[in-house]
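Here come two complexes built around subunit A, the first alongside subunit B, the second alongside subunit C.
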Partner chain A sequence: MREPRRRLQGLPGLYAVTMRTAVQVQFQYRTANYAYMLGMIAEPVIYLVVWSTVARSQGGAVEGITVGEFAAYYIVWTLVRNMNIVFTPYGWEGRIRQGELSGMLVRPVHPIHYDLAYFAGWKFVVILLWLPIAAALTLIFRPTFDISLLEIGVFLIAIWGAYLIRSMLLWVLGMVTFWTTRVSALYDMYFTAELLLSGRLLPLALLPGWAATVADVLPFKYTFGYPIEVIAGDLSTRELFIGLAMQVLWVAVGALLVAVVWRFGVRRYSAVGN
Partner chain B sequence: MAQRDADIRVSGLRKTFTVPEREAGLRASLRSLVRRTHRDVHAVAEVSFEIPAGEVVGFLGPNGAGKTTTLKMLSGLLHPTSGQVSVLGHVPWRRERDYLRRMTLVMGNRNQLQWDIPALDSFEMNRAIYRIPDSDFRTIRDEMVELLEIGDLVRKPVRNLSLGERMKAEIAAALLHRPQVLFLDEPTIGLDVTMQKRIRAFLAEYNRRYGATVLLTSHYMADVQALCRRVIVIDHGSILYDGSLRELSARYAPHQTINVTLTDPGPELSGYGELVSTEAGRVSLKVAKDQTSAVAARLLAAYEVSDLTIEDPPVEDVIEQVFASSATTVEVSS
Partner chain C sequence: MGRRMGLAWTFLRVGALNELQYRVNFFLSLVQSVVAVGTALVVLALVFSHTDSLGGWSSDELLVIMGVYVLMGGLIRSVIQPNMQQLMEDVQEGTLDYVLTKPEDAQLLVSVRRFGLWQAVDIVVGLLLVAVALVRIGDPVSVWSVLAFVLTLILGGLDIYCFWLILTTSAFVVVRVDFLIELFDGMYQAGRWPVTIYPGWLRIGFTFLVPLAFAVTVPASALTGRLSGWLLLGAAAFTVGLLVLTRWVWRQGLRRYAGASA
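Coming up: the complex of A and B.
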């Protein structure tokens, strides 16, 4: 037990320094970050316009979701989407094919801590930049929110849960590069499943019953739809806590997968190009 | 400083890569869809050596000889195909934290530093990674900055530094945790002569101050001559020579060069040895090593000599000779 405890002792300091570094780096690229965020807004705005039009044509609601609720959903979507941007398998291809992982491997810290801390630091920049965008979207689309303090508290946890789950899953997917050197095709498959079953393309309430059941047991929902619905949906207290429990479960599964795949994958690393 | 046993022990180390291969062209490409062929590349074959604590050893060989692959295995980046390695009592590829905190690997110049921020901020990150106590960190950082003369550079974003400046900052970052074992892969590559000298002087000083063990690869013989008394020469994954640099010259360079300048130039000197060059009255003669003293004495007796020097051949030539002769391993204690 002593070794794991010793390993954890230095982590808060490492996370603090790495997050601070990420903030410094990303502020240097504030214009690029803003341009990226503005570009990203196009996706939810398109979904929002389509569903608002459908809702209006059906008398103001689709499956009970009103135009204002769609607006709330997709505005929160923009924050959740920014929160669940993590180190992607494309990045892994660079790390492995060009030997960039070497520098991380000779440090006495598991590389996942660096990624988790770095992207977590980036989030603070993102949230700051997101605020005016959210204000503008709110003025334009007039969302309907009915938020309790409990929901705000759960949301603040859930967006970080979403971040952790997606970080772990994409790390596992990225590590496939240890075997294949190209993982983009797998990532595309993951992306398609995520698009349909996470609540990214449409609120999960609009899925057919069987698809919604499948979505409930897969991790995607807990990286997108669940955190959005915490604040923009109508979840009961029980559903709020079941969602958090599912996030804890998927973080644990993700961490286990990372540990196992890393253990075998890193043996295959050939540190080329460096 | 506590006395340490051999820091690095390598026994029967082998690394074989299995690489896909095919002929060029569309037909070969289509054929490879159904039938892939592979080839085993023996990057390192049965390498064994020991390096005592505090020694600086040059690891020499042509491109593709197996130097970097060996360094990668010793630093824990690669798992070997077979063989045993112990560095500071650890098996490197287990990458135990206690081991990684006591060694460093400098490979290229983009390992330690964040591209977009000043090196000082990257140093801060290494402080957290290696858990260096604050007071120690400041002392070591200031010492590195002073020794490497990078006081003005560490506040600039790394992307704005030149190659040499970046390399110095990279080395400082790699040594902040005061490692006991240094694996340096071409630490002066691409640098100008002044910068090379400065890095050499720094490494020598680091070794002197902290008794660090250093295994260094370099294609610059000046690095090796300045830092290493012992060299390991490797080619095709096997060690050709392991011993002192001086012994290497004695063994593989049976000749020396006598440079003689006569007060009255003109006499034919080819009878004294193989004529290498004649330039502005200065004659260079290649002479068998065991004959050098006698030939020099004869020249001094026969002519009025204004200058006479005896030189060993350049180390580059000696190393070339080692590769050419593909000698078997010579064990020389050092």
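Coming up: the complex of A and C.
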């Protein structure tokens, strides 16, 4: 008799199954996924055009960043942005109001694991769909890349670090809904700060000195600017590893915040329906 | 014609009255608008900390563009988009029957049914931005350029309306078109900047496919002494052509509408 296939147990098993489900579900919606990804391209292309125009009018470079390097930055941007899509804090209102959380509460693991696993699985579909987009953008905008093997290795870790940090921070932000549903102004503020100080809008080297210093001590940079610059910038080996260390730090902070806020928040939850 | 204007006005009033029930939303819209404009100003400051002009526009002139962009965005979100979203839903659910059975032109009806009063906050904010920018530029603004501004603004608004209606009409064929809103929002962002900075193929796209040039850059040109008579004439001709095309596409689309258990 054949030995039954060994199944993964516990948390790794949960992740494996949830991720596989996500891949299958999202692959069914590949057209919708694609339309969504195409819609997202407008943003970096606009930034790229603006900064290329500035660079050309300044004799080819701004703060040492050339037109080709801007192109590289915003093309890598499109992948990092996709890695950055996690469960939205706006989704918490639905989870709480419609009692979706009740089902998650009776399961024996912390509910964040489902979100982490599901969106992580989805990423594999996204990366596959992203490849042709990247190829097209590369043909159109002619980026200049100078990549080492080490940088590729660090990048492959850093995009997942970015994913973890943003997942957890937005989870914490979403949990504010346990206390109040008037959250849109707070979220607006958060996303604006993120836009300006993460490297999403522009490479952080273009910020005034004091703002760049602020960006250094905030988590946003490690979800956007840092992973992009690993590939598209020229960071020294030391800077590459300091970045990874900062990601580890922010993952730890994020996990702590999720644990603490969840403990107090979930006490305020009273299920409705479901 | 007069009766139709009256009809549109009635819809507008009812829409406004409806929204007046939810006054807190005014403040939400205002906060959103202020945050958005604040961000845009920061971006403008960042760009101009590295250069003196962008594609031939100074920072104050770009502020005019941004004002028009915000204004037009308010117009889209209060008048155009709500109607088109309603139309998409009606096509999906088959409730468009109720519009088609009314004794009035269906295209007119689907275009004036909704009005988002609070989203119109952006129209005021945009006008304020334009005014501030003009004061900062300091050149006297002639009556003619104000008239040209209003005219090009109306033409631009019509262009965007046509573009939206053509897009939405595709709902008759493919049914699920919600992502179009996402797609349009993404592309509309490009209007923040003068279309002249975009590389050739994109500039043509933003002029004729997504008429951002006519909606934002041209009205802003009217106020900053960049508008020639020919350009004005071109904008008018383009709008007329687009209106005719839209009418035709709408009729084709309606033919494919089969209703669905409404």
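The rule is simple: the second predicted complex is superposed on the first by the 263 of 274 C-alpha atoms of A that agree within 3 Å, B and C clash if a C-alpha of one lies under 4 Å from a C-alpha of the other, contacts with A are read in each partner's own complex, and residues count from 1 in each chain.
Assume a contact is a pair of C-beta atoms (placed from the backbone, for glycine too) under 8 Å apart; a residue touches a chain by one contact, two chains touch by 3 or more.
These numbers were taken from a predicted model, which means no experiment stands behind them.
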Simultaneous placement of subunit C and subunit B on subunit A, clash or fit: fit
First, second, both or neither for A:G10, with subunit B first and subunit C second: first
Angle at the Cα centre of subunit A, taken between the Cα centres of subunit B and subunit C once the superposition is applied, in steps of 10 degrees: 90
Which of subunit B and subunit C A:T88 touches, first, second, both or neither: neither
Partner chain(s) touched by A:L201 [first = subunit B, second = subunit C, both, neither]: second
Which superposed partner A:T18 touches (first subunit B, second subunit C, both, neither): first
First (subunit B), second (subunit C), both or neither touched by A:P108: first
Subunit B versus subunit C as contact partner of A:Q28, first or second or both or neither: first
Contacts of A:S270 with subunit B and subunit C, given as first, second, both or neither: first
Lowest C-alpha to C-alpha distance for subunit C against subunit B (Å): 8
Doubly contacted residues of subunit A, that is, touched by subunit B and again by subunit C: none
Footprint of subunit A on subunit B - complex, ascending: 17, 72, 75-79, 95, 97-98, 100-101, 103-105, 107-108, 110-112, 114, 116-117, 121-122, 124-125, 127-131
Partner subunit A, residues of subunit C touching it in the complex: 28, 31-32, 35, 38-39, 42-43, 46-47, 49-51, 53-55, 179, 182-183, 185-187, 189-190, 192-193, 197-199, 202
In the complex with subunit B, residue positions of subunit A that touch it: 6-7, 9-10, 13-14, 16-18, 21, 24-25, 28-29, 102-103, 105-109, 267, 269-271, 274
For the subunit A and subunit C complex, residues of the former touching the latter: 32, 35-36, 38-43, 45-46, 49-51, 53-54, 57-58, 62-63, 184-185, 188-189, 192, 195-196, 201-202, 206-208
